[in-house]
Amino acid sequence: MNAVEVLQREHVLVEEGARRARSREIRRHVLVYLGLLPFVLITVFPVFWMAITAFKTDNDLVNPTVFPFWFHQAPTLQHFAYLFQHTYYGDWVFNTGAIAVGVSLITLLVGVPGGYALARLQLPGAENMGIAIFLGYLIPPILLFIPLSRIVAITHLIDTKWALILVYPTFTIPYCTWLLSGFFKTIPHEIEEAALVDGCGRLGALIRTVLPVSLAGILTAVIFAFTLTMQDFLYSLVFVSVSDQKPVPLGVATDLIRGDVYFWGSLMAGALLVGVPVAILYSFFMDQFISGITSAAVKS
Amino acid sequence: MARKADRQSRTRSVRRITRRQLLTAAGAGVAGAALLPLVAPWKAGAAPAQIKGSSLRILTWSHFVPAYDTAFDKYANDWGVANDVTVRVDHIPIDQLPARVASELAAGAGHDIFQQNGVIQTTLYYQHMVDVSDVCEKLGAQAGGWIPMAKQVGSVNGHWYAMPEFFIPQPMLWRSDLFKEYGLAGPDTWDHCRTAGRIGKSKGHPTGIQISHCNDSNHDWRAIFYAFGVKEADPSGKEVLWDSKELRAAMRFGKALYDEAMTPEVLSWDNVSDNRYLDSGVAIWIHDAISAIRSIQDSNPDLYAKVNISGPWIEPMGPVMRAPVVDPTTLAIWSFSKNQAAAKAFLEQYGGDVKFSLTASKGYNMPYLQKWYTKPMPALGADPKVGYLQEWGKAALWFGYPGPAAAPAAEVLATFVVPDMMARYVRTGDLEASVKWGVGQIKGIYAKYK
Amino acid sequence: MAHADVALTGPPKIRHRSFTRERLRFGYSLLAPAMLYMTLLVGVPFFFSLYLALSDASVGNQVAGYVGLGNFFAIFQDDTFRLALRNTLSFTVIAAIFKIVLGTLMAFLLLQEVRGRKLIRSLVVLPWTLPVAISALAWKWMFDPQFSAINYVGTHLHLIGGWPNWLGDPTLARAAVITVNVWRGFPFAAIVILAGFSAVPPELLDAGKVDGANFLLRYRYIVLPVITPILFVGLLFDTVFTLSDLSIVYLLTGGGPENFTEILPTRALEIGIQAGALGRGAAIALVLFPLLLPVVYVLLRNLRRQGGV
């Protein structure tokens, strides 16, 4: 065989190798997709069903003879219209947003200094204080809501969204303080020491050097605070009975049931309108979220 | 099974929100517009001057006749406008009311006026409720006195702490066409009801009574139990009389009724499941408030025409008696309310306005004031279909009977012991164990109040 | 600024002490808001709950007498409470098993480098990102006695016989509650496990491969030690949620049918508020506390060993 033939043979072999690799790749892709398919179906189906329900007319919804997962009468926006015209839905969305922002602010204002102090200042008893704060997270709302209702009543905040802004940090602060302290531990001390040597006070050092590099951790804390506020139901149920002060989950669960009749169309519409944007938001911050959990747990 | 009728009427129910919208003609809704001439013209300044510029908050249930919520909100708002009081009304589902009322008391803050509906806990909370004897006595004097049941739910130790608002009868709603077709005697005795249910079920028209944690279940089963002679407590309310052979007989009847005439879905029914059963054309009879047929009055006039409400016998006869058990509601003022004067003024105005209440609810809200029972009653007298309801005033029975409708009996209601007892029995078939459990729970509850 | 000057020019010992004092002052004042808030809004109410649990307070009469452990004896004699306690434990354990298994499976799949991985990851996290109350309502509709989508699919695929009444049958209702909890929890488990896997330094794994360790050995000695603390964090977070959440049961079944899906939080709400017995309600809620402590203890001990908290 001459050189050209050798090269040609090599070329053919390489191509064949590449082809086999490609088909292996494709096979692998197919297997993985097949494996993920049931998971995707399970997780997405209820949301899909929620969406279909939100857009179906009432008659279409209660017709048991047709295929339920698609439209037989034209999709309608009447349920969404109902939400905004005949319920306080607009207020609920605003309340949910306001509560999330307010709680996140309070959590950061309290949790960032707290986490920093626990992580980096070698305070005697720091570890125990940290545990004490974290234990607060473990005291379930069902235990606290009665005494808290007294406290909230004293502040005259009952039946307003401010009651929730006041009370939700009871579970966001412990969790986020612990998270942030773990995060702060990973920051090298040299950064601060450099600032201190330069003549900044401790507070200045904190603000100017530590905070800027902690944005990822702070963001994670905000995400967690947000998650936790959206999960609560008991406090909102007990502290807020005035319709226009309710957050979305409570409003949807109480005001869209009239005389024991569930208005499923509007219920699902209301759930969808808030659920989906929140989900999309999370998907953007998923990486932050993952690194937040990782660094909180593996603080070495 | 078309539930269309039910949903159509629901989508038409208008939800009231802001005061501004209330005052626009578009927001008033048909009911409101039709009621304008009936609403008493507000005598401006009739309420004490000191309440001007204040605010009043009312907590009440989400009415099973949706038009009433709209009408009531407008009524309250109009009263507020005329008296310079900002009024807001919040509605919540009936089964959530007791918990909400209790949380407001636990917090020491909340609404000014609150409704109790079904579960009446006046004797439990009266120390935290404003004494409204002046209002109630005045109303009684103006209207020929209160029916006996009123004092049961509103008064403690001779003082009125809650103003009885209305009561809800739960008569037989029965398909006269099916009864005729199957040659059945009318449902004037519980035995006839059972026969009708049995034959109906064999022909695809079963019946259903909830055996679950809902208000209807509590009251419907008491109607059967009392008819069999079951007594909850003695008239003083101290001695528990549940454990009796009458109870066992009643429960045996209940289980037979369940086995022969119902389907197991009644174990997970809520307050409107039986409404839906009737409205879809399935049920041969149900034992329920008239909201069940009000919702199909316009959307399914054929079916509406076929349903009869009660009869000259008022309530089916059991071995011992007829037991028209009703669902009472009251309005009361918290002692921590910052605006007791306005609250009292509103109660006085609304409490006397029975014509409004009866008409706006299309005959659902039965009054406690005697004068209103002179026939023909508003909304009921003119309509032969609901005519028999006019007899319920003198016969109405309350939970806890023959004992008082006091705190222990209310707790038995609130913890749904009776539906649970029946559920145990129909599921396990063990009568003695179920009775023992139920009576044990009830005795434990009464013991706490000694 | 002045601080630093003084500190740097003074004699070493004084400098150290004032440095320390100043550091401590700074530190405690930073910590103060957190301690203050938690004391006022968690500590004080917690001790008030203890007081309630040891008294016979009721909603109508909130200043009441001391009854010692009477409430606890009373609640343990109530068989609905015992049912609620059994349910709380069994729901948590069964749901955890499902969540770990499903989560691990999905994490392995999500680890694979395939196109569209990010999109799929965003999709499968949907259940966890929806607020709990909203998921519960969506599933209530899915389990509706007349219009259940699950029944429709199941009967048409011949997986289900008849038309089960999910929320009306005691066993099915329990399954329904666990299903909702697992549905919204396993994506979180998967994400946590995924985080764990990605925290394993690839050099270690490669070194293991070079050393000839097979998959299982690599998993046991390299991967596990790294992901264990992360798993514990996730497990703690989720267990606390499952134990103390009442929205799923409250909205889905209300504790029914006939109390068969009652859990401690819903029972505490019923007895404490609906029946007005504040003392006994607080006692029921307190029983949750010892259930949570062991989990915390194991976690903290584990983290301490790793040099955490």
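Just a few scattered comments:
Think of it as A, B and C in the order they're written, each chain with its own count starting at 1.
The rule is short, and it goes like this: a residue touches a chain if its C-beta (ideal position, glycine included) is under 8 Å from a C-beta of that chain, and two chains touch if they have at least 3 such contacts.
Only a predicted model underlies this, so the values are computations on that prediction, with no experimental measurement involved.
By number of C-beta pairs in contact, A-B leads when B-C and A-B are compared. Relative to chain A, the chain whose mean Cα position lies farthest away is B.
Mean C-alpha positions place chain A and chain C at a centre distance of 15 Å. Chain B and chain C have Cα centroids lying 40 Å from one another. Centroid to centroid, with C-alpha atoms defining each point, chain A and chain B lie 42 Å apart. Residue positions of chain B touching 2 or more other chains, listed in rising order: 1, 3, 95, 103, 106. Shared interface positions of chain C, i.e. residues touching 2 or more other chains, are given as 146, 269, 273, 278.
For chain A, the set of residues touching two or more other chains reads 61-62, 64, 146, 150.
Looking at the complex, you find that chain A touches chain C at residues 28-29, 32-33, 35-36, 39-40, 42-47, 49-50, 53, 61-62, 64, 68-69, 109-111, 113-114, 116-118, 121-124, 126-127, 129-144, 146-148, 150-151, 166-167, 169-170, 173-174, 177-178, 181-182, 196, 199-203, 227, 230-231, 233-234, 248-250, 252-253, 262, 264, 267-268, 271, 274-275, 278-280, 282-283, 286, 289-291, 293-294, 296-300. Contacts from chain C toward chain B in the complex involve residues 58-62, 145-146, 165, 167-169, 254-259, 269-270, 273-278. For chain C in complex with chain A, the touching residues are 1, 3-5, 22-24, 26-28, 30-31, 33-35, 37-38, 40-46, 48-49, 52, 102, 105-106, 109-110, 112, 114-115, 120-127, 129-135, 137-142, 144, 146-147, 149, 152, 183, 187, 191-192, 194-196, 198-199, 226, 229-230, 232-234, 240-241, 243-247, 250-251, 264-265, 268-269, 272-273, 278, 281-282, 285-286, 288-289, 292-293, 296, 300, 303, 306-309. Contact residues on chain B toward chain C in their complex (touch as defined above): 1, 3, 95, 98-99, 102-103, 105-106, 121, 124-125, 127-128, 212-213, 264-265, 267-268, 407, 411, 414-415, 419-420, 423-424, 427, 445, 448.
The residues of chain B lying in touch with chain A in their complex are 1-4, 6-8, 10-11, 13-15, 17, 57, 59, 62-66, 69, 88, 90-96, 100, 103-104, 106-111, 214, 270-272, 291.
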